[in-house]
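A, B, C and D are the chain letters, set down in written order, and residue numbers restart from 1 in every chain.
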Amino acid sequence: MEIPELHDFLAQEFPQVADEVRIEALTDDSITVRLKVSDRHLRPGGTLGGPAMFMLADVAAYCAILSRIGWRPLAVTTNAGIDFLRKPAPGRDLLCEATILKFGRVLVVVEARIFSEGTAGPVARANLTYSIPPSDRPSEVIIYLNA
Amino acid sequence: MEIPELHDFLAQEFPQVADEVRIEALTDDSITVRLKVSDRHLRPGGTLGGPAMFMLADVAAYCAILSRIGWRPLAVTTNAGIDFLRKPAPGRDLLCEATILKFGRVLVVVEARIFSEGTAGPVARANLTYSIPPSDRPSEVIIYLNA
Amino acid sequence: MEIPELHDFLAQEFPQVADEVRIEALTDDSITVRLKVSDRHLRPGGTLGGPAMFMLADVAAYCAILSRIGWRPLAVTTNAGIDFLRKPAPGRDLLCEATILKFGRVLVVVEARIFSEGTAGPVARANLTYSIPPSDRPSEVIIYLNA
Amino acid sequence: MEIPELHDFLAQEFPQVADEVRIEALTDDSITVRLKVSDRHLRPGGTLGGPAMFMLADVAAYCAILSRIGWRPLAVTTNAGIDFLRKPAPGRDLLCEATILKFGRVLVVVEARIFSEGTAGPVARANLTYSIPPSDRPSEVIIYLNA
């Protein structure tokens, strides 16, 4: 899937967030996704909350995986970790750069960094693991014979 | 802060989520928070998404901390980890049980489990760390003399 | 596998640590493992280091899994997270209480708390995920047919 | 501290591991540390175990911090997360590349990747957080007056 198809996917399957995120760049093993910051994401003190950043990293990683395996809304987040490093710059969009570290038979591990647009130090880093069900695999017959 | 004050706090400082969560129980070092599940939280396949569960754990831990230190919207999430264990039961609210494992001078560490109401196996577990700025400390004078 | 078989397993497969750990209790979904603290685990300042606690949690979780699936040294740690909460009490053994939160088809998730023997507040909490290869499953034929 | 001083530090404060690790490169915010693989680190099946990789990441991050603040064995690991991505190549040393993502007043966050020497895909990624006690700060008087 290329960027337009991924945007179609988000519009159909994630209508709650599709209007807030935009894929800016996509390669074989990396993706950059923008979060258009709005009041909805703000936390006491006017900064952007952790859940919004978690959502951004999750959407970015999910799209990076779908761009490889195609439109199958079955990948499941199994684990995620996030460090919040700096306050986001007020009024700026967030940019999430995610990289696939491993694309295994069962698990995919993605690493992400989130920046306030136009600033240098990352506001967060995250790691996310997804489980890919067998039906998401290329068409084939796998027979496990356990002696 | 008791449950009514915490609900006031959420209504004022987290208006985006205040109508979705309700504190069900509160002790010195634990809290139970309900997430009223709505379409807004759903993910492809009709299950509840990771970001909604992350938000629930974050709000629960945050309220557990505020109930101890009072209304100071300055605690900051510094780190969080979450394992997604089972699909939430469709149409059921989520209940998050959070426990303060450590309330240190600078850092507070909270552990949480999330259940679909009325079911046994947890749908997620999470750990969250918060940094408490000095101004959130009880009134006192701390003098650090570094030789 | 019961406790004696697990000790045999450790002696044969983990000779580097087998003399340092002892399984104290074992149920269907939980285990308690002791780490006999020695100089080898100490860190600057005389406290026990993070790697020793990580090893203890890993061994405990691993043994809890083996007690279910039998002697198959193929389970692989895929993810782990650990919060260090308090300094261990000097000169005391560590006790790790681990609980299996999910025993899935592919992934097993374990939660653990580590205590200095005879003290109340945990010195660490950990979460660990293991991947169980198909050959570790009970003897059967699994055929995945992806249409 | 430069590389020779860091090796002196390890020899004095971490005698258990000092002969197994060697700092290969050091900049202001990054470090590369080698783990000389030996039988002591091996796990069932002949691969290197998670605890050894955790130790390597911890030592690398710790040395990166000490190179900035000088010989004060007081930094404490507060949180760590690790994803194990691939089996290490048998018989090869491990190289850990660690980067300081944030050097805050209280917390330092480090990200690391571990490779089998001479191979491309990382065998593990890790994130580690350290707390720097006030006494590790430059000599000064800090007075917190909480009204």
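As a convention for this text, a contact is a pair of C-beta atoms (placed from the backbone, for glycine too) under 8 Å apart; a residue touches a chain by one contact, two chains touch by 3 or more.
Per UniProt, the chains are A, B, C, D = Thioesterase domain-containing protein.
Quantities reported herein were computed from a predicted structural model and do not represent experimental measurements.
S.K.: Considering only mean CA positions as chain centres, point out the chain farthest from subunit D.
M.R.: Checked the centroid distances; the maximum from subunit D is B.
S.K.: Looking only at C-beta pairs in contact, point me to the busier pair out of B-C and A-C.
M.R.: Looking at B-C and A-C side by side, A-C shows more C-beta contacts.
S.K.: Give, as an integer number of Å, the spacing between the C-alpha centres of subunit C and subunit B.
M.R.: Between these chains, centre-to-centre, one finds 28 Å.
S.K.: Let me have the rounded angstrom distance from the C-alpha centre of subunit A over to the C-alpha centre of subunit C, please.
M.R.: Here subunit A and subunit C have centroids separated by 31 Å.
S.K.: Multi-chain contacts in subunit D: which residues touch at least two other chains?
M.R.: Correct list: 78-79, 81, 83, 129.
S.K.: Hey, how would you classify the chain contact layout here, line, ring, star, complete or other?
M.R.: complete
S.K.: Taking the complex as given, what residues does subunit C use to touch subunit B?
M.R.: Spelled out, the residues of subunit C in touch with subunit B are 81, 83, 85-86, 101-102, 109, 111, 121-122, 125, 127, 129.
S.K.: Mind pulling up the subunit C residues that touch subunit A in the complex?
M.R.: 78-79, 81, 106-107, 129, 131, 134-135, 137-147
S.K.: Considering the complex alone, what residue numbers of subunit C touch subunit D?
M.R.: 13-14, 16, 39-45, 49-52, 54-55, 58, 73-74, 76-84
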